[in-house]
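Letters A, B, C and D name the chains as they come in the text, with residue numbers starting at 1 for each one.
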Amino acid sequence: MTARRWSEYRLRRRVNFYETDCAGIVHFSWFFRYLEEAEHAMWRAAGLSIASGAGGVGFPRVNASFDYHRPLRFEDEFDVVVRVAAIGQSSMRYDCEIFMGDVRIASGTTSMVCVVRDGAGLKAAPFPPDVISRFEVAPTAP
Amino acid sequence: MTARRWSEYRLRRRVNFYETDCAGIVHFSWFFRYLEEAEHAMWRAAGLSIASGAGGVGFPRVNASFDYHRPLRFEDEFDVVVRVAAIGQSSMRYDCEIFMGDVRIASGTTSMVCVVRDGAGLKAAPFPPDVISRFEVAPTAP
Amino acid sequence: MTARRWSEYRLRRRVNFYETDCAGIVHFSWFFRYLEEAEHAMWRAAGLSIASGAGGVGFPRVNASFDYHRPLRFEDEFDVVVRVAAIGQSSMRYDCEIFMGDVRIASGTTSMVCVVRDGAGLKAAPFPPDVISRFEVAPTAP
Amino acid sequence: MTARRWSEYRLRRRVNFYETDCAGIVHFSWFFRYLEEAEHAMWRAAGLSIASGAGGVGFPRVNASFDYHRPLRFEDEFDVVVRVAAIGQSSMRYDCEIFMGDVRIASGTTSMVCVVRDGAGLKAAPFPPDVISRFEVAPTAP
């Protein structure tokens, strides 16, 4: 019997007051946190925690970006859709789209790498098998 | 020769864009971070770091409060004045006032306690001598 | 027919990664945002929005405080219970308790005041009837 | 007499406690705020404010990205260098590099567009002359 592999997760979310700025819209830095919330929710759904530290591994981000199409405002309800875009031996990339209903609000991407301590620094390491076996690349969006 | 003891610290600060909310003013949660910035700056001035972990001690907060008198807005320049209000064997209380020029914007207070690990939990412990010797209670404001 | 009056709201929430600090626990400033999330959710449940601006009124905070009993950690699931503690003509006070299961994590309070613009400043104003009619003081906790 | 044109700004900054996460390093979302702090400081140095609203214009972001090379930790002192990378009639792009001493911590970029209200939405508009005249593209880094 094999457990389900995850390639996509959809998180329903509402804009909190403290996420807005004095231009009246969600501050652009928050979209990166929305992405991360959906990513971590997908890991939990897969029975994992990004912070388990099992096997001494960590998952720092290598890059992150967003294109902003439309603003979000206080109390707007929206969806954060995160998809596994690529998986390597020791790195993983997600794509992310934020929607309000059918309207695309923003599109982002982020990559992270699996690392272990190496003296005072860090070095790339293969994903633990119980991590890598729980994810697969999402089919290309139609 | 004895090192100077610290009882007060004044931090000059400017409101960042991301600290404002869609009411056009600094979100009330930020004042607690302003207080903490001034507290940590006083510790640095005293040659200490709240996060040194030396002797296995930590300093969790027991309480924190603010009274809000007037709003702060984007790019306002203000002063955060933190004062040592009380020192015990294993706890310390600060008062904090936030000013814009002569105008009092907010007044707060916070207490923290010195702790060490105790099995799965934490228990109060005396401050390390090199910490407690660097602070003294501020004279009462006139 | 009268609409239900609200005096208490319970919000289920999970700790996000970005809410933790390098001491490994939720930063104390976040509890004030948790309180506000539950407050605004209660207003929405009552058919209101704190940011509607209807009648030109706003609701700035006058004070806010928390006592911290135990830490929260990444991915902990917790409840934020906000209760209407007092209602005046132009001010309202909430109490807040944060629980993880039966364990009390933190207890807080905040007051806000109903204001209208008055020249360059603000002055207290009676709550609009459609706001005040939707809340009532919670019975004292047993 | 012509005022100086700005193409680069360097902001000295120290990591605050609340900017770190339970992995012990600055959360990746904060780099976008560091970039913005340096951007707004450059505008102030140029005698401008991003939030002036003069002429009814606003400056929403179109995209933002960072590549992360090394982590920042609590109390690390670092420099945020923002450079004008491109200026169009109604858009502007900045590059950003974050250094700790000589060590490159992160590299980012962001674009924003000058907009005016257009019914319920926004449309691109030329920069006001007093804005555009204060900036110029930075020479390519050696």
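In this text, a contact is a pair of C-beta atoms (placed from the backbone, for glycine too) under 8 Å apart; a residue touches a chain by one contact, two chains touch by 3 or more.
This one's a predicted model, so the numbers in the text were calculated from it and none came from an experiment.
Matched by residue number, over half of the contacts between the chains of A-C recur in the interface of B-D, chosen from B-D, A-B or A-D.
On a Cα centroid basis, the chain most remote from subunit D in this structure is C. With each centre defined as the average position of its C-alpha atoms, the distance from subunit C to subunit D rounds to 34 Å. Mean C-alpha positions place subunit B and subunit D at a centre distance of 29 Å. Subunit B and subunit C have Cα centroids separated by 24 Å.
Shared interface positions of subunit C, i.e. residues touching 2 or more other chains, are given as 17-18, 22, 25, 29, 33, 36, 51, 74. Contact residues of subunit A toward subunit B in the complex are 17-18, 20-22, 24-25, 27, 29, 73-74. Across the complex, subunit A is touched by residues 22-23, 25, 28-30, 32-33, 36, 51, 58, 60-68, 71 of subunit D.
Subunit A contributes residues 16-18, 33, 36-37, 40, 44, 49-51, 74-75 to its touches with subunit C in the complex.
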